[in-house]
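Two complexes come next, and they have one chain in common, subunit A, joined by subunit B in the first and subunit C in the second.
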Partner chain A sequence: METRRVPRAVSDPKVRQVGFFAPGAPPDRSQSGPPHPASSSPPVSEISPSGNSLSPVMIPPPRHLSADLARGPHFSPAAPLSPMRAARDSIPVGSYNPSEFVAPTASEFTDDALSPNWTARRSNSGKFASSLPAGGFDMSSLKQNNFPASSLTTVSIVNMPPGITEKDGGAGVEVQKERSKTGSKASLKPLKEQTTKAERRAIQEAQRAAKAATKGDGSKTPAASSGLGSSANANPGKAAKASPQKKDNSPVAASEKRGSDRPQDKDRKKDVPHPRMQFDDKSRVEKAKKRSVVKQTEAKNRVELFRHLPQYEHGTRLPELESKLFQLDPVHPAVYKVGLRYLAGDISGGNARCIAMLQAFQESIKDYSTPPEKALIRDLTSKINSYVSFLIECRPLSISMGNAIRFLKSKIAKLSLALSESEAKAILLSDIDRFINEKIILADKVIVRHAVTKIRDGDVLLTYGSSSAVELLLIHAHELGKNFRVVVVDSRPKLEGKLLLRRLVGKGISCTYTHINAVSYIMHEVTRVFLGASSVLSNGTVYSRVGTACVAMVAHQFRVPVLICCEAYKFHERVQLDSICSNELGDPDMIAKVPGRKEIDSLDDWANSDNLQLLNLIYDATPSDYVSMIITDYGMIPPTSVPVIVREYRREHLWT
Partner chain B sequence: MWYRSASFILDQQQNDGVAKPESRLLSPTAPPLSMAETPQQIPKISAYYQTRAAHHGVVTSDWLAQAQAAVGRQADEAVSDDSLSLKSGESPKAFSVIDEFNNWRKQPELAEAVAAIRALASVIRSSEANTMMELEIELKKASDSLKSWDTTSISLTAGCDLFMRYVTRTSALEYEDFNSAKSRLLERAEKFGEISYKARRIIAMLSQDFIFDGCTILVHGFSRVVLEVLRTAAQNRKLFRIFCTEGRPDRTGLRLSNELAKLDVPVKLLIDSAVAYSMDEVDMVFVGADGVVESGGIINMMGTYQIALVAKSMSKPVYVAAESYKFARLYPLDQKDMVPALRPIDFGVPIPSKVEVETSARDYTPPQYLTLLFTDLGVLTPSVVSDELIQLYL
Partner chain C sequence: MPDVHALVNDFLIKLKRRKIEGSKATAKVTAEVLRSFISQQRLPNTNQAGALIDAVKAVGEQLIAANPVELAVGNVVRRVLHIIREEDLSLTAAAIGGLSLSAGSDDEDDVGHDEHPALSAAAVAAAARSTLRPPSLQTLLEDVPHTAAVPHTSSSGGDSEGKSKSADKNSSTKRLKHNVIEAVNELIQDIVTCHEQIAEQAVEHIHQNEVILTLGSSRTVVEFLCAAKEKKRSFRVFVAEGAPRYQGHTLAKELVTRGLQTTVITDSAVFAMISRVNMVIVGAHAVMANGGVIAPVGLNMVALAAQRHAVPFVVLAGIHKLCPLYPHNPEVLLNELRSPSELLDFGEFSDCLDFGSGSGSPILHVVNPAFDYVPPNLVSLFITDTGGHNPSYMYRLIADYYSANDLVLQRRSAS
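Then we have the complex of A and B:
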């Protein structure tokens, strides 16, 4: 148990590095990864209150260091990476829930240890890390972590006298069994034989170090870079013998499989505040705060159901950020500017935000030069990560931005190592340009071309809020000489529809403007509803500006077709059933105050009242039942076909 | 292709400007005009329905007589001068395609789309093109002229498009040798024709599991696929009963009941308005389709929508039998969002000139009212149609 908690202490300094300060932040895969369950591990923080407290067992794993040293002379290109690797090796340690690391070890790791390509993989870890950051790095971490407690020990220490190994492994198993018997309660509580286990672990560690050192010295083969891998390879017989034992233990491991799918999520969680981080998890929020550039104040009155979302703290953040402009050298000024504009609300709307972000990245790539002894692929990725985490702190990412970031990262990862820096940069710049042009601007044109066929003379079109695609569509239809009328429905507090209304009226389109309160009244004369979307999820749910679901439902009730205009790059394979589990909170002040209407501002000092909670949601989810058609750059499709588009086209067009 | 089919409303307007000349008497592009209001302008009859009428011999004579009476003397001319007027209007190249198509079309058991597919295959066979590009252009021209021959027939349009997709989207185009590439194309074309031809058989086999002994089936319209399904079921010695709607105005139900009576299947004829009355006795509804659209809904003979609504409200399954060449990249949002196909209606008494008559021949049934689609691709839920179409067209 404690063996696994220890590493956490080690990891913390490392994690702090990650934020915006360290150039070598590990790649962040969290932006748009598959949704992961919120791991529940509140009690951990109580056990070891501060992650920083130096634990006596906080020894950087000697085996790996020696391995790296041993490898140094042989692989000069790998050498510069070694410090980072050492740092990485200690990452897993920061697990919150100690029991989580056991199961993967027993299954994944041993399999790998027995398979011949494990060694190759380890020795290539430098290269691997660039292409699949998760792979090598997770493995190494798991490996080193799990030795003491799991049955693996037997595999790893094959060179030791068999008697000791057996006994040791057996003891470990026993402990494990005991723990599994006592169940989850026990796994959270420190066990009694802490000290004995710690001792045992120390012994093992020392033995392993000694063994690895001798190995490294003796064989001098590249394979020796991984003490474990080489030992497993060198003694296939032994390993094979050990495997049945592992099988025996597997039920034990399985009993603790609860958290087995989480470790990767874990590591990811620590990189940046995940966009879908659970903000009601105290320990995690603490962590995130320590790393963040922006000092965050605690929001006072959180709405019960939405505690897990990042709370809005606009007023406190902006001045602080501005004052830090010259201190934050790792964040490129262009990115900084965009971030501040997000924060101030200057840029809003999915496409605008996405384009602004990509252009800022372009600027930063233009000015980028690879530091000496670093690989562009890895260093640039970590740079981008740090920018992204900065942007997240300014305002949570939209799904479209997540997709765009995923695209950019895959482009970086796919760069050939042989390219010179300037070539690589030129390729990236043109890739970003292409993305903006094809996936956003051209896509909008195609959408408009499709959608305009659904507008007939005499139609009354209703739109809600302000969607760039819908605006283009209405203007295009007007230019084609179609004879129609527009109802612009708007809502407090953003009143975005006013701008749209202004532009439409300026073009000479006849418009009606109303607030969402009147939507059920106005709906009976409407013949088509055109809406924009922030994202379309793979069950056909439309994730859009709050109020969209209301409009769509009313339209459905009145049997008015609801058409959603959404570019395909905003599609996401996630499934979401409600607007609670993932959403964004806006400034509560915005709904509490009505500008210019002093007489109805009765909530002036709301922040001081404990029993008042204000909820200003930004998005909502419209179930697919209320959507008649989704118009994308791939044509007009029913909402049931979203997964087909995601499956068939995302992979080839976006991620390659 | 997509753009063309989606923007049919625009195309329609353009066509209206172009297709006025008398050489295109048959092209049914005119907007629905009440005949009484503008007697000098002939409301054009959908060529699709003319073909059907010609195939269903029983109805033809009186139907044509009614058409004549309703439309006036020029329509008669149009029908008799069918091929002549077409010949004069088309360029020599297109003319041969249409001719070929008309030849195939004469077989009563052959669907229009299959005839078109066969005709297109023969275009490849007789082509004198020397390069792949030329051949493709030639094929494109032929299919365009076929499609413009009758814009109201969804299956004809869809069949031509699918043929183009199926035949030209192949690695065969990368062969360096033109002749081998051409023969490969021809092979694919014939294969596609074969698949389309066999589609009805496949559907009939697939749907047998759904017809159980003692069931009562409501059938609307005369669909050759549905007839094939029922015939196969009868041959398999299943015991079932058919309720057949009358199918005004061309009395397709009468013809179907005629066919079924020959098979010794118990049939009961209903007038179209008795559907709700007898729905509680019905176990399932079986209909064909003129076209299956991207939403998974169907476009079919007038009255299908209301039957589906009644069936839905009484929780009876609605099954659609349709060949996959009827899958069209259309997405109507409501009933009026389609190319209107017109058909004269005989009310038996003179209609006062002030009274308008709804002459539209088909309606759109949204997917939520359909249970399953029996196609040669398998038994599909309505939402799969779009998946298939996306995979075919993108």
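Then we have the complex of A and C:
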């Protein structure tokens, strides 16, 4: 762990570029770089008009050395990952299972939330977030509309000496100026990065020695590090001296490190995603049933292969839920409404479901009041947990929703105890707003901007099912006056493609409609395949609507490029090889009935025969070798680079 | 005679309107029509076989033109022609008896050349190369001098030779027709019972606890699976529903009533499920000479998925589905587009669809092909009523069942 960390801290490149990038990009980026929220830089032109300046992938620096240094010595370069951030990761990862979400994480909160030196980091996190919109987007204007800078930096203003914040802002400006320089310097950085093993070993030894030396005074008061942190804050001059060289063994840094080591170790283990709940495990299912709000009857005639996934009688749940409307005390009406709509299938599509959920949470937070003798952080977390388990009972969470919940919970966990209830609520509300706007809505816009460069005149584009990002892309390209044709491939049982077809035809785009079986017939004339995704897993597997894999496979066979449009908040570090281990089962009745075709009724009484099962899979996993490119809000990447995005942005941005 | 014409016309109309579905039913009806046609045909005294072949060809062309996509029609016509040639050959062989083998082979070559004055060079070469009997090593060696001599005899006095021999054949006028009808009856019997013979091989291919995937509705597949079931093999079948015709539903129902463990999946879930499948067993619409398969739509996708996961892709096909043609662009040329109403309801989008009104270019097209082409490299095995064969062996089977002279039937269009 240590060995891995040290060289990373040393290098800390300002601008990381992944994939293919235009040589002219760096200077451009330095101008449209992330403005500090406090520095009120005038909004740069929304997006650079010339297409080529939009470099495919730009990963802005997670943090700037100079800024770090200015902020305080406890940002020891040796420990770039704060204990806080590591703790955050312990929140279950995009999980589906009620058990995980319900599992109280309070023990971790107490550790971290009380850990006093987090306030400064918060201000830092605000900065991260501000540096988020890379890709040539300037979001300062938007941010100022929606989230007043004060709300982002509230904490730092409250808790930090005012001098620091000013310093901070100054540093931010400085950073901007410096960036153009660092662009050229960036080439030097890798050289630095290549410290030899021996060197690293030496650095480590020195650190260990320093740790041992400072153990005595450092271990006196772990809680007293609040004073320690503030003293560090009050002493920025010292920080400036702290060179990035690891030889700096200032006692402050070392003690900080010592404090952080233990939780980091623990959390590292927790970092591995929890095993998902297996529904063929009888005892656990029984336990979960006791907890559940909604009584569900197991479906009959289940497919043996999918015993590990939950499947319930579809029709039975809705009326029962409705009848319980007034008894379900713990569930907020807004959440309840969303749950019902999930159940009824009114809301589908990853983004729509995620936004609906977040907005319901916003409603519930607005109406929330902390019961007496309870802490907001803990109580709200448990509330959210109960909402989530309710939603899971309505429909298993998608990975993107899991990510959003993780984000929200980490936000709650990081609320300061010093905040009043209304302040805390305001922060949470704006955080959720920011997530919806930045991670979903703006992300889609950036994706469209990237992807539209891949559409040429005369193209025949194939899409499958109904993906919101692809739809935006097609409409945008049409508005740009590009001349292309769309092939909408659809499949049973949902026939979502029909809805997409209706909307595209309404916009005047010329379309061809067919079923997935005919995909190899139609693929001859197709020049590009654009697909949406429910999630992109870190081995490059695209987890998406069932049938996507078939379309990608046929396209691959016909040497047609397959481009996946997926927002980065849907990325997940889990890995998956097939579509069976983790999936969602839909209502089997949907398969037996063919709407509009009365004559097809052979399976109407399917439930009566023991030998017959109907399987309605919702998702499948597309192997990464069928995918030519994944277009995200961070640019266009090959599927092999997914873990890079997951690693960099989960740590640096997504959860701050 | 008139009732035969009525019969043929009736069949033609049915073919044109696509009333007869399934290659097996079509093949059977074709054979029956041809049988009654032959039995009604009045034969001249000279060159009986040639006249019969001519007549059958004329009808066959009509039938093929009625539904060019239904390759089984052409296959049966070719089979009947082949039967006539064989019977003729065996009769002449018996009649001439003492005559040398060379005379016999000359005669049969003559017949071919008489019938095809305007045959393409390729066909002539093919005719010269292959005699009616499947070439064995012995005949190849024996025939070497004769085949070399063929061009001379046929060019010099082929006609006169044929006429001189026709006197011998007069005695066997009745017998030729009789024999041909007998053989056609056998052919019909073969077509009817082919799935039984295929099903007999099921036990060799399906084992305990296997998971089998199938798509489309095929009588042969049902019989095959049930035959294995009757042999006390217990296994599980995944049936893809086969949108937009949903024949999988009926297939699943039938399998369930026969007591098989059946799971219906959507077509889109094929890729997801194929990793747990041990074998894909499907029926075919037609098998081409290169080993490619014209199959119900969606099977190309299944075959690709099966190849990806190294799952054997087995095609069950009666020998009447074997088409002696090499396909060119079969996805398009040997395909058929069905009504868009199977995908979209009438009325839905009707404002955008082009109904031939000619009001500019339509904004919405609906594509609903009936067939898919599965290239030979994706097929692991063919199971026919004569046993299992590799795709690469298909061309060889053709020589067993068809005469090289008949491969090109559209004589008029060619000339």
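Quick note on the criterion: the second predicted complex is superposed on the first by the 378 of 656 C-alpha atoms of A that agree within 3 Å, B and C clash if a C-alpha of one lies under 4 Å from a C-alpha of the other, contacts with A are read in each partner's own complex, and residues count from 1 in each chain.
Assume a residue touches a chain if its C-beta (ideal position, glycine included) is under 8 Å from a C-beta of that chain, and two chains touch if they have at least 3 such contacts.
Since we're looking at a predicted model, the values are computed, not measured.
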Clash-or-fit label for the pair subunit B, subunit C on subunit A: fit
Which of subunit B and subunit C A:483 touches, first, second, both or neither: neither
Residues of subunit A touched, compared between subunit B and subunit C (which is higher): C
Contacts of A:493 with subunit B and subunit C, given as first, second, both or neither: second
First (subunit B), second (subunit C), both or neither touched by A:454: first
Touching partner for A:644 - first (subunit B), second (subunit C), both, neither: first
Which superposed partner A:410 touches (first subunit B, second subunit C, both, neither): neither
Least Cα gap, in Å, left between subunit B and subunit C after the two complexes are fitted on chain A: 18
Residues of subunit C defined as touching subunit A within the complex: 236, 238, 241-244, 246, 249-250, 252-253, 255-256, 259-273, 275-276, 297-298, 300-301, 304-305, 308, 331-332, 335, 343-345, 348-349, 352, 361, 363-369, 372
Subunit A residues touching subunit B - in the complex, by the definition given at the top: 449-450, 452-454, 456, 528, 561, 563, 628-629, 634-638, 640-641, 644-645, 648-649
Residue numbers on subunit A that touch subunit C, as the complex places them: 303-305, 490-493, 498, 501-502, 505, 508-522, 524, 545-547, 549-550, 553-554, 557, 578-580, 583, 591-592, 594, 596-597, 600, 602-603, 606, 609, 611-617, 620-621
Residue ranges of subunit B in contact with subunit A within the complex: 2-3, 6-10, 294-296, 329, 331, 333-334, 336-337, 367, 383, 386-387, 390-391, 393-394
